[in-house]
């Protein structure tokens, strides 16, 4: 069965979520992944949007993180102070999803600038809630398309810390969350070993060489390298017909 | 016309309020004073109760600071965090009313213990919001019946700081509010000169001797000592017939 | 996985499961929504050595202190609101009756800040308070912190993170999502600050009824461990829209509590002498019915888009 | 005496009276209730050298930057939500077009904490954030504070106290008491933090309508200086219960804003080319009507006792 890279990424992200977990959701692929998980194996997943909608059950695909469809029929609306102080800093968030313009070998993420901060070649949007999600969520899942430019050995600017300089980097800085646990790209899935991004599974059709050609360093590979399970027909039907019927993200 | 000491105290307290001021209200005489002022010269007085009711227009005399009648029809209900952080610490309160078991010559107030803190002879209720009202309200009006025991030269315990040790005491400690500006008792009214309580007016029928006999120090007296204006018939009618028809506090 | 599944249970079960001897407990509610039903069940189950936290110990902790449940009280104003002192509290503090009671004392803002720090899992909370007061002198948990921008010194209090919070609400669904209106006190912060949360509700409603007005949700189900249905669970305190405060009882408590004998008699009759809040409500009979609220409905808002 | 009297005035008058050249301004609203009507009036009145504060500059500040109103932006996420970058913001930061733009940058929590400190008039706010991030390296206003209890170091940010806050609400009375529902963002904190507050409302209602549901009041009249009636004042942002977000316009803005010429043409037509929001709404015509919200009413609650 045919499927797009985005569809596979959504399915793989959904599989990382366990029933009953509390997830800090972003718009786009993370939102699709969470709603897919909720429809399949995790009916009690609690979705929290940084805009303050808790337990949202949107009747249409949300276009922005503050979409009114996230409010109508949700279980609670709270202020952004509550979102960040009580939910995130309060330790209630199990999983946060992050993306970024650059991700490096330690899982540090840059969404601020390409080039120098004071005179950037490209000014990116900045942190939003990403810096604190990276520090405070129990674990972080990164979803991003992969290229040599977007996966450098070292990001130009650390907006959201991953494993910082490597093993023990987070603990030394006293960060509550365990940081990024997986990275899902259009080519492969990665985990972290001693704070270093490590290839764990190849998407169907990808090769280690292809993955390495699209990264800025020679990535480590686990010995039991797996193949990422492709989307099932049921997953694809849900994504295409129900979750994103206008195919905005897939 | 006959009137009680409490009625005079309510009228005198009401006169201290200006239209448009924001008042932190307590139950009992302060509540009567605020509602009297609202009915007469200060229709735009804003009443805030520490329970979180803002702009209350109670249809019955509130018995407790959290009376449901303070909520029905008020203009806003806020959390106690908002009351203390945003309203009081935020500098929005013009006048706070305080009472106490002991008030000393510098306007320091004790509502905590008589005797030693660790083994008190009388355990009083404690601060409630009084300590922060004393520190943060723009000005404080004290209402309390007067006796030698309740007006000592120095309180057993400073729950709510007045002018601390005297001139400049508050400024040295960096307190935002100007502290107590007047004390209204059953015998007289006092102001503060250089942080020291000073007799400014005698209630009809009181004498300086009588006032001094009911205080723990030889209180200073202003040169232009006045007589406190007695309640007017209209004030008494409002208090007796409308504000406290069951005569709970008067 | 606090967030999932039906959490409805009886008060006896909720107290039995979550409130253990020696634990730190908060039953919040500022005048409004004070859960006496939970306190009475704790007394009936004979819990001991509790650290009781509340801004205003009120009659609810006076009764628990008299019943011997308390080892310590963390508070900011210990009086009978509108009616005088708390005699059981005073006897314990002044004379160690029924046994000595440790106290840890703040002002209201200090307690609010402790719950705010607890809810946000901050190790301290800064506030402009306590200068010139003796409160900081007698409580070593009130300290100073220096502002890294201006250099000025502010007061600081540590977080308060109780083991259990008991929060009475007007209506909740079976997951614990709870609507509260009227006075809100410090309940949200106390609930987020606590490890376990017991929601006690005047009504249990359909999830759809909660989702029909999500801005009214003060406590989200994902932090809730138990949901107890207990109509009239606050008497003599009140629930806006359900029943008024029994101001007469607050005045009566003055006489009931001035000596230990009459207080014990009252506990025997009204706490030990009934098996549940339902029996208590039945026993109160007309007195309770007379407190029922009149109707004063809010207008709707539109959540459509 | 902010608290008293009728404060209703036109948008032109409110902006003319309170928003001055060089002032620090916040137009808050997280996706929801962003007051474009106020921004357009500020552009029309030719304000200059403004320090614009907002978590998400969004199209509203992109337009003001393009129009030359801004000297500086204080923010945490500068993108076109759901549709890409903010080109006017980027041109100003990357190439100084129309003139150089100073930036002061935080994460969302940092901005929220700055407004929280501002509202509480605290000189700093502590938060667990920024460890390992370069944000603190490039922003000297992100510092450390040492906990007086545990000795641990936390991040601290200073208060943000704008001269003027513009807060769009669903309904307000003539004194400025304002009901808000749906997403609340950081509006309450921004309003309490600011010296002057302009409330812009979809509807002005009787004081009694506000008092019929006081828990719905997000902003109390006593901190409000002006009340402006401006239906559809948020388009292309939205007002829950009134009209939906114009997601199509957010996408169109990508094309409009990629070069200065087309952006200027747009400003001429849609900002300078109309005298008021009413004219703007009329010009939008059917497009605006199509966004009108369906009815999805909340159930009442009882405020009786």
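Of note:
First chain written, first letter: the chains are A, B, C and D, and each begins at residue 1.
Note that in this section a contact is a pair of C-beta atoms (placed from the backbone, for glycine too) under 8 Å apart; a residue touches a chain by one contact, two chains touch by 3 or more.
If you're wondering where the values come from, they're calculated on a predicted model, not measured in any experiment.
Between the CA-based centres of chain A and chain C the separation comes to 40 Å, rounded to the whole angstrom.
With centres defined as mean CA coordinates, chain D is found 28 Å away from chain A.
Residue positions 121-122, 127-128, 152, 181-182, 184, 188, 212, 215, 238, 240, 244-245, 293, 296, 303-305 of chain C are each in touch with at least two other chains.
Counting partner chains per residue, chain A shows two or more touched chains at residues 53, 68, 71-72, 77-78, 85, 89.
With chains as nodes and touching pairs as edges, the resulting graph is of another kind, matching none of line, ring, star or complete. Pairs of chains meeting the touch criterion: A-C, A-D, B-C, B-D, C-D. For chain C in complex with chain A, the residues that touch the partner chain are 1, 3-5, 119-122, 175, 177, 188, 192, 207, 210-212, 214-215, 217, 220-223, 303-305.
Contact residues on chain B toward chain D in their complex (touch as defined above): 19-20, 22, 44, 46, 53-55, 57, 68-69, 71-78, 82, 85-86, 89-92. Within the complex formed with chain B, the chain C residues making contact are 30-32, 55-56, 75-79, 81-82, 85-86, 89-90, 93-94, 105-110, 112-113, 116, 127-135, 138, 152-153, 181-186, 188-189, 238, 240, 244-245, 247, 250, 293, 296.
Residues 27, 50-53, 63-68, 71-72, 77-81, 84-85, 88-89, 108, 112, 117-118, 120-132, 134-136, 157-161, 164, 169-170, 173-176 of chain A are the ones touching chain D in the complex. The touching residues of chain C, when paired with chain D in their complex, are 121-128, 141, 143-150, 152, 154, 156, 158, 170, 179, 181-182, 184, 209, 212-213, 215-216, 238, 240-245, 293-305.
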